[in-house]
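Structures for review follow.
Two complexes are shown next, each including chain A; its partner changes from chain B in the first to chain C in the second.
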Partner chain A sequence: MSEAVALHAPAIRRDPGKFWIVPPAALLVLLFFYPLALIARQAFLDDSGVANAAEIFRVLHSRFFLNALINTVTISVAATAGCLIVGLVLALILAFVPFPGSSFIARLIDTFIALPTFLVTLAFTFLYGSAGMLNTGLMEAFSLPLPPVDFLYSTWGVVLAEVTVYTPFILRPLLAAFSLVDRGQIEAASVLGARPFRIVRQVILPAAIPALIAGGSLCLLLTVNEFGIVLFIGAKGVITLPLLIYGKAIQESAYQVACIIAVVNIALSLGLFGLYRFAAGRLGV
Partner chain B sequence: MLVWSRPGRIVLWVLFALIFGVLFLAPLAVILLSSLADQWNGVLPNGLTTEHYTDVIRGAAWNSVKASLITGFLASALALVSGTWAALSLRLQGHALKRLLGLLFFIPSAVPSVSVGLGLLVAFSHPPLLLNGTIAIVMIAHFVLISAFTFGNVSAGLARLSPDFEQVASSLGARPAYRLWHVTLPLLAPYLVAAFGLSFALSMGELGATVMVYPPGWVTLPVSIFSLTDRGDIFAGAALTMILVAATLVLLLGLERITKRATGA
Partner chain C sequence: MSAVAFTGTSVMDIDAAKIRGAGSNVHFDKVSVAYGAHVVLHPLTLDIAPGEILAMIGPSGSGKTTALRAVAGFVRPASGRIRIGATDVTDLPPYERGLGMVVQNYALFPHMRVEDNVAFGLRAQGADKALIAERVKDALGTVGMATFARRYPRELSGGQQQRVAIARALAVRPRVLLLDEPLSALDAQIRRNMVEEIARLHRSLPGLTILYVTHDQTEALTLADKIAIMRDGRVCSHGPTTELYRRPPNRFTAEFLGRANLLPVTIAEPVGSKGLATARHGDSVLTGAGRDEKAGDKSLLCIRPQHLSLTADAEHTNRIVGTLRDVHWQGELTHLVLDVDGTPVRVSATKLPIALPEPGARVPLFFAPTDTSLLPEDSGV
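Entry: the complex of A and B
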């Protein structure tokens, strides 16, 4: 509406203003794009500054890189699927089967976006760790000698933590989409005898698809980039690309290797970012 | 109402409570509990104590709180100025350039934070741009990571602004600078405060880039929490996490109140 008004309104004088964009753009170039370009350059140079392209092939074929890549993609896809399912269930109940205080609960979940991601991992250590509440409880109840639950230090621990952290990113667009669904249509369908499951499938889900696609691709991007959760779980077998970059650069001072992996990681992230922008722009979320 | 039968609704509410309890409530509650736990050998702690809080406050915690608050404030302030500036001046560009530049300002939010840190290390470790080992490089890392969010928030606010006010001001003869200062910016104020709050919260929780670039004397809260838990001192880590959560929430609620009062809502 306001855009349409702006199109027909007389344009505010524009000519001298074109150069105002230069200062913030220059700041971004110096502090972000220039370092990014240097990462790409450093990927071709060994740590004494001599060109060494053979190292790229060695790293890309190495076991540690391939493992990290597979881990990153597996975790990201599984966590996104989990976020979509949990987010959809929670949003459906919040929007269509509301209970007293449900809007407060929705806001509470929303504040999770502002909290540090590693908080959840730390909490999971107390809940599901080898000396955590669940294991101690089970060991006491069934007098077991060893902690029975050990999923936390595997890929699944990371996935569960990421589902907690990133579900709010699905919930937010879904609730916005659901608030636009015509309540009269749902009541008419149910008066005519449609079962809730059928209403969800035929009336509600079609309205939610854009939000699911946009939220899902945002989740893919954020989970590929996630660092704190994986670092805090600290499982030997669960290394993702960001963690590998940190390990190579800071713990081993192998900058060329770190830069090669970073180029792959950044390319993957930018691809997913493109997907998200395309989905969000196309679907008007 | 989608489900009419009372039992059906109750089943769904129990399902909701279960998911919400396990995924969201339990982690927060358990962090709070463990930060207050005395000895913890059974399912529940044997007793409660504030010892972990006094320990971390006497220890390095105060310096970490200070480092996080100063970093968050300066990086968010810079991101606010730069993001608002970019969003405002982007309106003066042609359509194609506007879309391209808008995309470029968003890209920092898509790049993994560890890589942002790595890039700063590679770029600023040699003279004349030697920043490695200084506090400035931490601020820059945070600024880069939050700049896209500030830009996005301010742009969204600008898009919702009715152009009428600016046009009326302009047709009444207000010069661009006067119009910007007395019309556009006041109208944008709620979005600016919200953007500042969000970027401050993001900065407080930032770990990936900070862990790559931080100098010895400038350990932010997340880094400090990680080194505590990495050493096995998870109770102190939990106490420090609660301090971080409390600081973030107080900040966000405070800013929300300021916005509400300013807009009279």
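Entry: the complex of A and C
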């Protein structure tokens, strides 16, 4: 063995294969790390290019930043919880309640992943918006002067839209995990006297925990960074970190402030991504 | 291991007394099952007595698992009723039927320790903690797995997993135990031990009714009080094990259970006072145990391979002659294959003459009339 290594060692030195790492690495540095580094650097410089670290503390303690952070976390946690619940219920039905066309439904829900997120928001506006079908219908039916349903233009509207958009991200890994659950175990549990609810809790869910964690952290990650939905709904006062960055950078040209918030946003994302990779690794995907 | 496993558990003996006579019968009343238009179980009427082991055997796809799953409640009969004891369970969900089930791949819960696997049923039924602890200990003791309580299923061998699966099923004190090829994932040696253990288990729980599905006829012959032989979704014979083996009612049963030799004969004289009839095979006149055959009937004379001998004596009064085709030596047994006027005849012998005949030689074979059975040549089922 060691002999073989020794024989091949000189060959490796001349092996051009290892230089193939250079183009992708260079590309990565150029397109990804360099701009990130610029953002991080910009966070320490005021907009005339002078170092100003005190601004960081000011921003991090400011009302608008803390509000946006709280909004982001609230929306993302609520949406993820919603996705987990809806996804779990849907996955259980699709995987364990045999009905004709269940695989078609699963695939249909899957195609949601392919759609741009704001499209769903647009559809929501048509359905639940102040001039949407639900409100005009109710106004006509009960001759109301004002649209009675206005949850869409609030935190909950954003959460609902995000749940709709991101549930498939939970559904997919769950269905994969459920397809691996031995039907024999479910039957054994059933013969032993366990009712469906107990079977779900004690036999099916333990097998799905890695999938739930992986799907859940992916949802957290995506909802923390969600921009399109929040912007499209345009609920008054519902400002999240991505929206704040957009506002500061594009509308106010306050680049340092935007970059400081961006760094926080990136840190949050990377943390959640780490959680996702960890869970996905446990799941073996 | 196998010798101690199911014995020497005094707790079990007390339980056995408690459970004795508490078994339920299982009654199939014209139960049929169909998948779409495909009928896989034709109206089946069958009774398993309390405390009886019924082995259901038959070729692959004959509907054994389907029948068992109908009892468990996973297959809904297209028609007919299933009763367990006095209860009509046809419309009950599986979790209300009070059964135990063990299947080929054990289906243990992988994320639960052995003890939690065994406790699962009791917890599901809301038993109190003390009872659960006691029953789990008993059940694991019964199958010789008491020292493995803290392990996870993946830390056990196949045979050990199967014992745990049996313990899990027994812990709930089922009225009926359903076993679907419980041993077929094990290798031959362990399987033999497990068959012995299940037999011992049943001796210690005599009230337990068992439906045992297998395609292994040795398991069936060793364990079962009665055997039902399935073929194409029908029971083609059903009866006490020894009787079915000694007097198979039809060709399929004779061949499936113990690979009988079937010699075509013509009845010469119907059954006389000793239950023996006389029949001709070519030039040979043979006597065999008959039923209601009439003179001139075409019939089959069933002779088990181990009942054929190469030497004559006072009992082996029937004689046929065949051409030796093949000899297989298997240690304790030697298998000979002969050709008797176009019918292949197998002989399994423990004792053989010192000078074994060469293939091609004409060899006389002798057998006792009482070791034979006449059966109708053309039995549809």
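The rule we apply is simple: the second predicted complex is superposed on the first by the 266 of 285 C-alpha atoms of A that agree within 3 Å, B and C clash if a C-alpha of one lies under 4 Å from a C-alpha of the other, contacts with A are read in each partner's own complex, and residues count from 1 in each chain.
Operating definition for what follows: contacts are C-beta pairs under 8 Å (C-beta built on N, C-alpha and C of every residue); 3 or more make two chains touch, one makes a residue touch a chain.
Since the model is a prediction, treat every value here as computed from it, not as a measurement.
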{"item": "Contacts of A:114 with chain B and chain C, given as first, second, both or neither", "value": "first"}
{"item": "Chain B versus chain C as contact partner of A:184, first or second or both or neither", "value": "second"}
{"item": "Contacts of A:67 with chain B and chain C, given as first, second, both or neither", "value": "neither"}
{"item": "Contacts of A:192 with chain B and chain C, given as first, second, both or neither", "value": "second"}
{"item": "Most chain A residues touched (candidates chain B, chain C)", "value": "B"}
{"item": "First (chain B), second (chain C), both or neither touched by A:52", "value": "neither"}
{"item": "Touched partner set for A:272, first chain B, second chain C, both or neither", "value": "first"}
{"item": "Chain B/chain C common contact set on chain A", "value": "187, 190"}
{"item": "Interface residues, chain A side, partner chain C - complex", "value": "182, 184-185, 187-195, 198, 202-203, 206-207"}
{"item": "Residue ranges of chain A in contact with chain B within the complex", "value": "2-3, 5-6, 9-10, 12-14, 17-18, 20-21, 23-25, 27-28, 31-36, 38-39, 42, 86, 89-90, 92-94, 96-97, 99, 105, 108-109, 111-112, 114-120, 122-127, 133, 136-137, 140, 163-164, 167, 186-187, 190, 196, 199-200, 204, 221, 224-225, 227-228, 231-232, 234, 241-243, 245-246, 249-250, 255, 258-259, 262, 265-266, 269-270, 272-273, 277"}
{"item": "Chain B - residues contacting chain A, complex", "value": "1-4, 8-9, 12-13, 15-16, 19-20, 23-24, 26-28, 30-31, 33-34, 41-44, 82-83, 85-86, 88-90, 92-93, 101, 103-108, 110-116, 118-124, 140, 143-144, 147, 159-164, 166-167, 170, 176, 198, 201-202, 204-205, 207-208, 211-212, 222, 225-226, 229-230, 234, 237-238, 241, 244-245, 248-249, 252"}
{"item": "Complex contacts: residues of chain C adjacent to chain A", "value": "72-74, 93-101, 103, 105-111, 120-121, 124-125, 165, 168-169, 172, 178"}
